[in-house]
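Both of the next two complexes hold chain A, though its partner changes from chain B to chain C.
Let's turn to the complex of A and B:
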């Protein structure tokens, strides 16, 4: 980390977005993570995505659990409310927040310990309830803040920095999310910003639980030879199924690719996802095929990345509950309190 | 065995007796038993039922006892004047429980040896199974109507107006009208049999009165749920656990009625049955952080699981309402029995230095009142509020004052800085004590484009919500939380004091479901010449009245339903009262505390310790 505070002045030529905000308006305080940490790249990708989507920062709420990853919400979107909750329990807090006000965007950030170990239960239930939120796991396969213990996503056979081999099976979070009925599942790599930023943009526009498992090497404890979450290992084994360009309705689609190589997915809000297919037979709308693909490629030692599954017309938790279209936190007495006459009638029925 | 043994002179009591039904769980008896209690209420005589049930769906013993008391005693009395013994598994125990001169009602279809009976009770046999088998062929009908048949026989024996029961059956099956006639028929099968073959009525009788007034009859869990609707709760997250599940279910029922748009069907509420109690409290905290009124309902094991989140809500200052419907602990304990054993665990829930606000309702009326008030308190104090019910209040229907609501009442959302205030440049420090009451301002997420955003965290922070492990900032914050707790003393429901008619050197402190038994115990003690001033505590932290009450008396009895005297511990620790001054009166076998128990225990200790100048017993 650096000890230098961020300068308050900014370059006058910094580009502004449709809201008149610069990228600096989407940043947070200075990161206290290790220099070179993959998580900082993810924070930068979030800043980039929110800036380019012209999202008002105060309409986003950031939530996290505990751990290195969960510290990052202080390092982006400084004008947004943030909630650093308890270890492994971000999904329940996000679920409650989403119920209270359906109009905000909820951005949950978690880690592999926070999600796959202590928080596996809450992760699972947020996915199956289809809570409208972005759920990013900054997955480095190690406990950083407590100094190098294995997590539940450490690969079987992976070697720790101290030379200890992990004998437990790894929990594959994208496979788990698919099995749980998640309506948007992706995997990114903190070292590949061109892939990650569009994935985050698409997730931010998704009307359900949008899960991104982002492999994010830990430079302090899990970036050595033998690790399966190191920069080198991930670069060598990264097999993207597609490349996603997020496109707003205003942007014209230009066909740069051969027919059949590009798929355009219309999102619920009318925005478009343009998928450049890297694996010709991969279908992002076929859950079962996606699960089979993952199993086959991962057993061959590949790290499958890209947009793995999406249901553009999904129905989220509010849809299933059939709640009113306005935020519940804005309802006042007349909408909430049935009043004395109703109570008198109720009393009469209790005698 | 004759149908009735007339050699014993049975008890003679009008509108003052206890009937206990011994049934098999899952046999459909609950509905008939409830009709019995409600018929007596409709005749204008207070009746208090208590369901004593096992942690089981079918097959284990269950009891339903109804105390009939024109004088209005709603507490548990103990003993049974009439036992309706429908369960062979518990026959011996049930027969033993009948008071001398009491009555035993049983199914006489199969003869029982004389050794199965007692010589000092009146035995009433009705061949229920034989009547059923000759009338119905379907086994389920035989089972269900047997209950209505015994209800019919009891109506004749106790002089209960059959028309009142018919009316209730009509109300119960409104909309399923074809069920009315068969039930009325079964009722008369039993009634006609009793009138034809037995001496009716017996010594225990119900006589029409007007002692019920306009009171209502409801269980505490439903009342608390209704209070939550009136208090403006929009988000409920819960995990099923006895004895609290019916609170969340009642909330859903009332919301369907009162919070559903008539034309669109859209809901002005959200209820989530969570995956566990950690998730349910997490959802409540997330919703309340985001400006909705939210609650969970649980019992002891759930409270244990919620500890970490409760500490977060205390330290990060997020409102939350937690209904704890207490049951017998520790561990799984006695899941279907009552206790007040979570007092300490809620008062100091979570690690580190914490203190929480607890409310103690005494009956469904206060469950409604405190249920609604808890949301105002939570928002005002920005902290978790525990509403401490127990199984006795929560799951039993009880006569209580009719619910009332002042339509001019407004929800107190507490100190929330608005978009306008922020726009005008009001200084916002999330943990800044601007009014010297320990309560800072908060903002809801999404309020203002440039001001008022802050980071909520469980780590220590300064007055502007910036992470800090500086000792001075930490102490500043912790001291402010203590100031806030002082503020809570005057906002929470004040204790209720009831003095003896003359000066009394001794007092009793009690709370929650002990209330009806305590009221009756005072009368019993007065008869024995022991005068007692009473203080019913309704909230923690303690109002200054509590310390004053203790100071005014030489000796205080603290009456509780737990083993360790948990409220007494709170009194000694928080009010710095000499423990010697506080005598424990403890009842914790899982059954509701009784007036007889309290009177006996207090009389024994008061008279033995000689501190009470014996006054002349009331003639």
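Let's turn to the complex of A and C:
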């Protein structure tokens, strides 16, 4: 654990982005999590992604619940908005915030306890309503803050640090999200930023609920032999279906790949997702096939990672509700109180 | 790349940029930590053993350490290493009890030292404790050589010289002051086992221009004039003074002139301001005392009427590059005329060895310098050793000290009949600094402060008295704040491959992005794909062996802050902060292993 603030001195040749900011400008306070925690790597990946996308920090809102994972928004994007909500209730707050101000970028960070136990219902509704937000679950399979009990995402048969075997079935959040109609579903690993950073970038640009299940080893309670969420286990059983390069519209495409090996997905805003296929016949647009593939590989003991499903032209909650196009704080009295004539017209329409 | 061998003493020594750049290899961060802890006497002794003249060097050193300082690569200015050294000297109190005692018994060997400047005094310091009978010759009546004769007292007070020269003489050195050695042949005929020549570069260059002879009364050679000022023979100079030359001697000349009645003092240099040999801080000090520095003016003639100097004429030139070589070409503009009452010529120094016969086995090169081995300081006559400016031409005090240490080792081995080329190795001591979970025995909280200026005496007061020291030195609060800017580059990041679980915690926390985990490759390849540009080729890459995933850890030493955050964030203790204390051998170590 480090208690000292990170020195302000940075590498003299650190690149700056289109806003004139360096990556260091997207950092937060120094982490108070255990040394080596996977969550800190995810924080670092978020910092990289926001920097590379030239996102203005003050246009991002970070939301979280309770737990080790939900503490992390303090440790990244120190100049963004933040809301640390009640345990498991982050999706409600995100939904409300999104409806009130559709112009901000919503980044929800949760854990396996916060999402798969106390917040399972909340999670489900955010996905099915397609709230435009990034929803990252920092998934370590244990309750780290209470010293390492199994969580709801702990695999059946996995062993705790003290040698106890987990006999309950695991909730697979990726399968659940697919089943609930999420429009962007991915799985990453905190120990592989080359895979994780592009996934977060793509999720930040997605116009709907973008869900990332990120396996994040708990170094203190779940990084031992017998664990299925340890660095070694995940590295040995990681089966990536694709490698994603996130490309902004202005980037020139230079790499040359064999035909059929690369698929380019055009997002709504014109940005491109270039997928280098690792599993040849995997289709990121086929929800049913994706669910079948996941089940299959999971029963073979593999952890499927990568961009698993994406629906680029999705319609989010605002679209479903046909809400007004500007944030509520941008509406003045004439729009909010259009007067008795307007009311009469409305009433007449309902007769 | 092959895994880095951190047992090689040079590897971590190079990471301590200041120590590596110092000719005497003083362990700088070690003494700066002692200053921060208020342990001034301890800090002084670390210096004294390494560079012999902490109080003198803390005011006058050419500071090769400061341009090398890592702090200068991560922010604007390096740590004020030199002036912190002075702090140790200023606040140390009485350290006489800590000095080594004179040797209890003589070893029967006699060594003559010619010239009582810093090189000879360093040899004397190193050999006195080993039991040698040392005989120190100098034409002057007191020890110190150029330190006493050429450095103005407003930069270096007499008491500081007396104190540090006496520490050495009190070790039992026989002085033959006021005695100029006129013949090395005669000295060799006496029964000395070895002779060390540390007689400096005592001859100032002259400028043979029209009018030089006619106006001679008001034209002076810089170092001779400084020496006369130093010994009180000259107390006044004209109102308008021109100083020719761009080195540190020129800066001493112009600033001395300002204190002896020179009101309009001008420095004139042939080439560009930026190419001047003087240290940047000495130029600043001169300009602070209202002395303009005019450049690209080549002296053409001295003007005089009735045998009295009236001014000088200069030709205007510009730099032009032909085949990559710079030449000064006349611009064709009218000559520049500057009126003056006195001219000081400070355009360089030369060695002079009229007292060394050419038939005593000492070879000289075509520049009139003795042929001397750079490692052993031995001349072609095995009994005669050289050091300081006498060896390779004008350098500076800290180089003279380094030569003295090297020569003392050689003389010690030579007098015992051992091979002078067989040198004792440097000693590396690596020790963990971990005290607790996030507690280290050094202060790893990096200060964001910028370099603190050394307070000066009020200009009007300083210019009235040539013996009044112009720099006041840091007080204890300023010294502490400046000491905290040191990055502790000697507390090394030591990586243990088998413990690493590749969790990336160190990569994420590193404030300067110097750690990467990546596939191995050759050095040029690796430098191209680390987390941050690694284009400073003078700084090493620290490479681990293959880790579990087959990757390697690569750390670019270039801008590491030595903050220890990698070690604090490491869950397995694969990173540790270990102090690398590197001790360079001196005469007292020279024969222990033999």
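One rule holds in what follows: the second predicted complex is superposed on the first by the 332 of 351 C-alpha atoms of A that agree within 3 Å, B and C clash if a C-alpha of one lies under 4 Å from a C-alpha of the other, contacts with A are read in each partner's own complex, and residues count from 1 in each chain.
As a convention for this text, contacts are C-beta pairs under 8 Å (C-beta built on N, C-alpha and C of every residue); 3 or more make two chains touch, one makes a residue touch a chain.
In this text, all values refer to a predicted model and were calculated from it rather than measured experimentally.
Engineer: Once the structures are superposed on A, label A:164 by its partner contacts, choosing first (chain B), second (chain C), both or neither.
Structural biologist: In the superposition, A:164 touches no partner, neither chain B nor chain C.
Engineer: Scan A:323 for contacts with chain B and chain C and give back first, second, both or neither.
Structural biologist: first
Engineer: Count the residues of chain A touched by chain B and by chain C, then name the partner with the higher count.
Structural biologist: On the superposition, B touches more of the residues of chain A.
Engineer: Of the partners chain B and chain C, which touch A:264 in the superposed model: first, second, both, neither?
Structural biologist: neither
Engineer: Would you check which partner chain A:231 touches, where first means chain B only, second means chain C only, and both and neither mean what they say?
Structural biologist: In the superposition, A:231 contacts chain C only.
Engineer: What residues of chain B sit close enough to touch chain A in their complex?
Structural biologist: Counting only chain B, the residues touching chain A are 41-42, 212, 214-218, 226, 229-230, 232, 234-235, 237, 258-259, 261, 265-272, 274-276, 278-292, 294, 308-309, 312, 402-407, 410-411, 443-450, 453-459, 467.
Engineer: For chain A, which residues count as touching chain C in their complex?
Structural biologist: These residues of chain A touch chain C: 1-4, 6-14, 24, 30-31, 34-38, 40-41, 43-44, 190-191, 193, 217, 219-220, 223, 231-232, 235.
Engineer: Using the touch rule from the top, collect the residues of chain A that touch chain B in their complex.
Structural biologist: Against chain B, chain A makes touches at 56-59, 61, 63, 73-74, 78-86, 89, 91-101, 103-104, 121-122, 124-125, 129, 318, 321-325, 328-333, 335-340, 342-343, 346-347, 350-351.
Engineer: Of all residues in chain C, which touch chain A in the complex?
Structural biologist: Residues of chain C touching chain A: 73-75, 437-438, 444-446, 448, 501-505, 507-509, 511-514, 532-533, 535, 548-549, 559, 561, 563, 565, 568-572.
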